[in-house]
Amino acid sequence: MSAILETRGLSAAYGPTQVLQSIDLAVEQGGIATLLGANGAGKTTTLRALCNMMVRLSGEVRFDGERIDGKATEDIVRRGIGHVPEGRGTFVSLSVEENLRLGAHTRRDKQVARDFERVYGYFPRLKERRNQQAGTLSGGEQQMLAISRALMLRPKLLLLDEPSFGLAPLVVQEIFHILRTINQQEGVSMLLVEQNANIALALAGRAYLLETGRIIMHGPSAVIGSDESVRRAYLGY
Amino acid sequence: MQAFLHQMLSGFATGGIYASIALALVMIYQTTHHVNFAQGEMATFSTYLAWQMIELGLPYWLAFLLTLLFAFILGAAIERIIVRPFYKAPVLSVVAVFIGLLLIINSLSGALFTYTIKPFASPFPSDAWYGSAYLSAHEVGMIFVTLVVLALVFAFFRYTPLGLAMRAVAENPVSSRLVGVRVGWMLALGWGLAGLIGAVAGTMTAPVVYLDPNMMFGVLLYGFAGALLGGIDNAWGAVLGGFIVGILQNLAGAYVVGTELMVTVALGIIVGILVIKPSGLFGRTIVTRV
Amino acid sequence: MATLDSSRPAAGALFAGLSLRRWKLIGLAATLATACALPFLVSGYQLLLANQVVVYAIALLGLNILTGYNGQFSLGHGAFYAIGAYTTAILLDKTGIPYWATIPLAGGLCLVAGFLFGLPALRLEGHYLALATFALAIATPQLLKYKRFDFLTGGVQGIVITAPDAPFGLPLRGDQWLYFFCLAWTVLLFVIGWNLLRGRTGRALVAIRDHPIAAATMGIDNALYKSVTFGVSAMYTGIAGALGALLAQFVSPDSFDFFLSVRFLVGIVVGGLASMAGAFFGAIFIEFVPNIADQISKAAPQAIYGAVLIAFIFFMPTGVVGMLRILGARLGRFVAPGPGR
């Protein structure tokens, strides 16, 4: 299968501070890959670098066969990359529905109304609260909103930055279940950044292990998940 | 009583002008946390252009519309060319740049149109039926025009995708980028709109105070006062604040200090707000950095 | 990009065997010698201009202490210049106080006024202080014209005062004496300023400017420092105003308009923020450039101020002084390549 996203020698820095060193990774068309690592390993930076946001980067990023490194964030997004950022990026003073409408900002087609129903179908709770100020939502609901907002773009690829962060286990399960559904029903590829390695490995087909800005190991999730040293370091048993 | 009512209504009319300027200031402040000290000069310059077009024989309202268009382009161009390089600069640099801008536009007005005070005709006939003992025809027209503009701006932000995108940028530029909003253009658009609203205020003010390069200084101060009163990060609070300071100004002028200290009253209001409630009536509390 | 940073470019400055510090001292001595010789070399009008530069230098040092060193804004220092000028003028007009005694009184009044005006802004972001002082600058002429203060201020007419003659039978013309009088104040205030800024106090001011939170955690009372700084800064500018009134022999509301405050801002940006020498370069700029530009058109000085302000912030945020430092460092490397300090 061909890769929808591929990086070669991707490095990134904040000002003079080098954070990523020559990252090679790939997300297969319709697949889910996960990027695991400890705090400060460079997971969020990787996602930012892919969108050319807030970092200085070098190396090659290919999306859907075309080079996107060096393009403006807005243009990268418009090509079909939905980024669910760290901290969820909620527009707190806008209503839930306005948040979703922003997700469809770049679209001019007539399907937008149907997509509202589509995401409300995944997350009925958002529909109940659609006129509420987004800032009043709970953490889990805001995470759902962030995913929905990215889906409104009709992305080919979703970048997910720790969707489990700060959420109750049950809510995490619900969200990951829906992510799987979205992947299976719509064929949206995903790159998932997680600290919660267990749940990420269960969802993803491929895994990359990031340590201080370098990929130190990668392979099918099942292989990575059963590796003794990985289990000790990241899975806690 | 009648005199009091007259002062109130007249204050409401001037308040509309202040509300417009306050709104323009807040629009720029919300997106970039810049206080546009050149807002008044931009308005003055646009008003001169309207004057020139009317002198050349264009019908008033055509000149008015062309002026708004020009003011929009001027605002957007200033953002793109002059302000943009300073987004990451320290506050001091930014303020200095705005003051520089103020000086340049002010001197441009003076150089092109001379420093002689010019009368500027009101588009509203002075014997119009809607003039009364309480309000002159121009004041009524001024209220009408500013209210229409404010309503249009409100509708733009509330009901159009572009307006929504601009609100999004004001709140969270990073997130806005991630949904594909072209943040840079939204900022330029905000400046354009601010310039346009300022031009409305300028053309409506000129018949009252006469046209000269410094005519908007006082108005700008009241705009600041209104914006601070409402809360400088709250657009509709700022509009309300503009109306309130307009009425305050008229009452103070009529009953307290006389008309000679108009600008000083604005200073008083500004300092008063900063001492008593710096976040304004409707603004978020400013987080104090030590 | 345009950061206003006072940190000096590590001058690898060995120029013809002399250290940068030595060069600075030589420059200072030469400047002082020239300044003292000037009254005997140039005509009356030129001396007046020179004297105005000396006076402006004090005002700019005042504003620079506030803005350059402490990072606080003032777009309204013209107001304190006005208070200083009017204090001297009114005292001379209404009382029998000798002219030299009005200067410290004017300074003291501005110290209090500045302290009080700075108070509300203490806990606010820079923008608010800029706003408040902007309003102050615009309101100043109007307040000075206000009818109820006419009996003091002379209203729109202003106040005419007579310039002092040289005391103790010194063989000096009036303008020569006044020049030395102003020069003495300038030297005094610069020495005081230098002593303040190079030590603990100066470090505290800069710390508050750059890292307010860190400064507070190190036990610096930010609020107190900031308000006192505002007061001291206003005092400097007020003294300059008082001297300026003696020099002009006249005060009137319209000479203290918004553009005076802007002039000061332009002066410190052009001269160099957070630099004492910068105050002098700035003073020379704001005294001579408008005089020359005025001959082109009435609008020209303002346009030039505006353009220069933006250009300096953009290209040379460290001002003339920064430019000289960089130049000095380059020359030093060129003439005597050697290790830096």
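Letters A, B and C mark the chains in the order given here, with residues in each chain numbered from 1 onward.
Operating definition for what follows: contacts are C-beta pairs under 8 Å (C-beta built on N, C-alpha and C of every residue); 3 or more make two chains touch, one makes a residue touch a chain.
Worth saying up front: this structure is predicted, and the values here are computed from it rather than measured.
Farthest chain from chain B, judged by C-alpha centroids: A.
Centrality annotation: B (chain centre taken as mean Cα position, compared with the mean over all protein Cα atoms). For the pair chain A and chain C, the distance between mean C-alpha positions equals 55 Å.
If you average the CA atoms of chain B and of chain C, the two centres end up 33 Å from each other.
Distance from the chain A centre to the chain B centre is 42 Å, each centre being the mean of its Cα atoms. Within the complex formed with chain A, the chain B residues making contact are 161, 164-165, 167-168, 171-172, 174-183. By the touch rule above, chain A contacts chain B in their complex via residues 51, 53-54, 73-74, 77-78, 83, 85, 89-94, 98, 101-103, 105-106, 149-150, 152-153.
Contact residues of chain B toward chain C in the complex are 33, 35, 37, 82, 85-86, 88-93, 95-97, 99-104, 106-108, 110-111, 115, 217-218, 221, 224-225, 228, 258, 260-264, 266-267, 270-271, 274-275, 278, 286, 288-290.
Within the complex, the chain C residues that touch chain B are 1-4, 67, 71, 73, 75, 120-121, 123-128, 130-132, 134-136, 138-139, 142-143, 145-147, 212-213, 215-216, 222, 258, 262, 265, 269, 273, 297-303, 305-310, 313-314, 317.
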